[in-house]
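To keep things simple, chains are lettered A, B, C and D as they appear, and every chain counts its residues starting from 1.
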Amino acid sequence: MHNALTADPLQQSRGQPLPGDFAIWVFIFAELTVFGVLFAAYAFTRSAHVDLFNASQLTLNRAYGFANTLLLLTSSYFVARALRAIKTGRNKACGNWLAGALGLGALFLLLKLIEFHQDFARGITLSANLFYMFYLSLTFFHFMHVAMGMIILAVVAVKAYAGRYTADRHTGVETGGSYWHMVDLVWILLFALVYVIH
Amino acid sequence: MQEVFTKSMARNIFLGSAVFFLIIYLALTYDTWQQIPVRDHADKITASVIRGKYLVDTNDCIGCHTINGEGSYYAPELDNVYKRRGPEFIKLWIPAQPSGVAGRRQMPHFNFTPAQIDDIVAYLQWLSNVDTNHWPPNIEG
Amino acid sequence: MKYQSQLVAKPYFIAALALFFGQIVFGLIAGMQFLDGTFLFSAAHFNIVRMTHTNLLIVWLLMAFMGAAYYIVPEEAQTELYSPKLALITFWVFLIAAALTVVGYLLVPYAHLAAITGNAIVPTMGRGYLEQPLPTKIGIVLVALSLLFNVTMTLIKGRKTSINLILVGALWGLALLFLPSFYFPEDTVKASYSWWWIVHGWVEGDWELILGALLGFILIKMTGVDREIVEKWLYIIMAMVLISGLVGIGHHYYYIGAPAYWIWLGSIFSAMEPIPFMLLIAFAFKMLFQRRREHPNKAAMLWAMGTPIMAFLGAGLWGFMITLAPAQYYIHGTNFTAAHGHLAFFGAYAMVSMAIISYAMPMLRGREANSVRAQHWEIAGFWIMVLSMIGIALALTGAGLVTAYLQRSGADPLGFMQVQDRARVFFWGREIAGAGFFTGLLVYLRSFFIQGEYQYTAQVKRALAT
Amino acid sequence: MKNSYLHAIKPCTGAWLSLLALAAISFQLAYDKPGRILMLLVLVLTLLKGQLVVDHFMGLRHARPVWRVTMSVYLIAVGTLIGVAYLIR
């Protein structure tokens, strides 16, 4: 399966620089490091409190987590399509794909807010126990990244609609897209760790 | 293809991360602000405790001592001194200073009234009950 | 020096060094009081000596930063300073306020000082580094406003380079972050929590931006490397400072009564605080290797290269050793923290101040660089001070570890004074290294009294002869 | 140009559909009885998802190999740390 996917008929040359502005990649690597350390901290803390973590984990609504995974994966796909569109010079299509991604991002935030609301109503706070501390820190921190990513994508979308990008000059789309895919990547790890693995 | 690395994007990253992490810190601070009165028994901050704290501040006790590890490392920790020494010892100790022992670190004489010393002890008692995540490690501070 | 108004930086730099001298004298007295508790007890008790030592540090660094701002902002903006006269008035106000405050500390008992300066109206006194009476604090705000007005107006009418934007922005941040010093809640935990807005906000946030701007300026001037490259990397490094440092403030919140989650968040984010310092080293050396000119001021170059290294050592490495919660559990509130404080303040802020002074002072005195002889004295001062400060830090680290082992752990912990007695050898080490530092400072200051400027021809001749 | 564009869509769409399928499998496994095999399985599926995002959405398979390797190393490192933490209990 993996082979079939990587067999790109375009035969695009390897050895390209990172997509988008290098500055965003410094930020992406910094953020990935923070999340990586947080994930490891979660896992090792859990190994000292397995029962507490397993019991608390069961109180989470995994359906929310799954729905949010689908939303982010699809929005990431939309962003990838937006990049394809601009590479063929279609500004409007690029904008539309980005708007779609933004819509899915907004749905993600809405769903997460509902989930937070229900958590707080049940008395879950940062100080409730170690699991909830990690759960809330990780998801809130990620939530902020989604919000930040949406601001970036919105700026890129507006520029796309305004025709500021061309098939040859579209670094902005790549920059915003790379950040958004990082947010998606982090959620994939976060979903597995906090909602699924037990 | 040439790598793109622009100053304007670097600046945006700088400003963006400033705002981003400030918001996160403010959100956490909001939560902390709700928790602190619970953890330090703010309901037990009586008028006497407040007077005691004012004396501790205006006599610059942290110029030699530490309070919850903050201050100066010239004299012992005050967070748990109430539990370490007990109120009676403290009430006798403060007015008896300086000890005048040659070479030993000296604590000044502050001319406190007995009522003022009671206030200081009340403050130290309140301080000893703050939840500091089990710090200091033992009674010696 | 390109603009006449940059000359106002000169009194700031001179005063900064004079106050630096005072700081070290009081540091030596305080160090002596660790060895003999009755030393100068009735004249100046330890707490007074200590607050004079730390307050002089803050004031001389602020003096140096202000001088640097008055020197750099016009040159970067390519225009004269908005009002050199205001800058000069501000200088005297600041110097006199600082002098009066120190005199107040030394002559009036602290509680009495609090009573006569209206501390009862707005309580602000009795917090570390912020011991100043209310009038001084208000004076600091006025001085800051004057500085901000002056440099901002200069910036507005001139060229807006990134160095200038970062520097002026950081000066605004410095002033804003000082405002919580007027907020001293009755709840000690809240007071502690908000005290760090100022202290952490300055030394692990805002001042790092100033450091970056000063270093960036010096490197652009001395290496001739393309401004574009310097500035974009500067932005990235400064972004890393904020990414790690803003939530990294949590490493002060483990054991002061704040919620337990700070143990995790503080440890994780503050563990990344050394990264910007590492980047700063890489950045400085990359500029050095890519330099397009040989600047005759070797001493300034040494300060500029030494700053990121020593800042990494003091703020990065020593900071990292005490930043993780399990380590801090034993080390919090010991001389290990003092070791970190000394090495970080010196390595980052004292050294960057001396770097800009070293670069700018010869210009302010009408020459591109000092004579070779003066530079030799300055370089000797650099090495003696740097090595002595490492000695001080190692000695204090030893003293801190003694506390961690004997007082903080084990089944039968010893009392405070017993432990202090066992750490005596380290306090001796600190005082001896302190005397070494003082010697280094004298050597450094001596270099300013050696007249003459750098002679290209003499250097070339000598190079040809050998 | 038109032709190459059509070809270029497919890998992304394929990756997207694969990701959805993998997410659904993970979600199903979330309700299974806890166990080491299950944990390792979910972990591997997660890393696979991560690599798909890196390769196809981020488009790093066109980038210099060093960047793709960096991301793979990151994913494997995080995965290993998590795996070790769950196995040492």
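Keep this in mind: a contact is a pair of C-beta atoms (placed from the backbone, for glycine too) under 8 Å apart; a residue touches a chain by one contact, two chains touch by 3 or more.
None of the values given here were measured: they were computed from a predicted structure.
The most centrally placed chain, judged by C-alpha centroids, is C. No other pair of chains shares as many C-beta contacts as B-C. With centres taken as mean Cα positions, chain D sits 47 Å from chain C. Centre-to-centre separation of chain A and chain B, using mean CA positions: 41 Å.
Averaging C-alpha coordinates per chain places the centre of chain B 24 Å away from that of chain C.
Among the residues of chain B, those touching two or more other chains are numbered 5-6, 10, 13, 17, 24, 28, 31, 35. The residues of chain C that reach two or more other chains are 232, 235-236, 239, 243, 259-261, 265, listed in rising order.
Residues of chain A in contact with two or more other chains: 16-18, 23, 26-27, 126-127. Under the stated contact rule, the graph of chain-to-chain touches falls outside the line, ring, star and complete shapes.
The chain pairs satisfying the stated touch condition come to A-B, A-C, A-D, B-C.
Residue ranges of chain B in contact with chain C, taken from their complex: 5-7, 10-11, 13-14, 17-18, 21-22, 24-25, 28-29, 31-33, 35-37, 39-40, 42, 45, 50, 53-64, 66-77, 98, 102-106, 108, 110, 127, 130-133, 135-141. Note for the complex: chain D touches chain A at residues 1-2, 4-5, 7-9, 11-16, 18-20, 23-24, 26-27, 29-31, 34, 39, 42-43, 45-46, 49-50, 52-65, 67, 70, 74, 77-78, 81-82, 84-86, 88-89. Those residues of chain C lying in contact with chain B across their complex are 33-34, 36-38, 41, 45-48, 50-51, 110-111, 114-115, 119, 123, 125-128, 131, 162, 184, 186-190, 192-193, 195, 228, 231-233, 235-236, 238-239, 242-243, 246-247, 249-250, 253-263, 265, 329-330, 332-335, 337-338, 407-409, 413-417, 420. Against chain B, in their complex, chain A makes its touches with residues 16-18, 20-24, 26-27, 125-127, 140-141, 144, 148, 171, 175. On the side of chain A, the complex with chain C involves touching residues 23, 26-27, 30-31, 33-34, 37-38, 41, 126-127, 133-134, 137.
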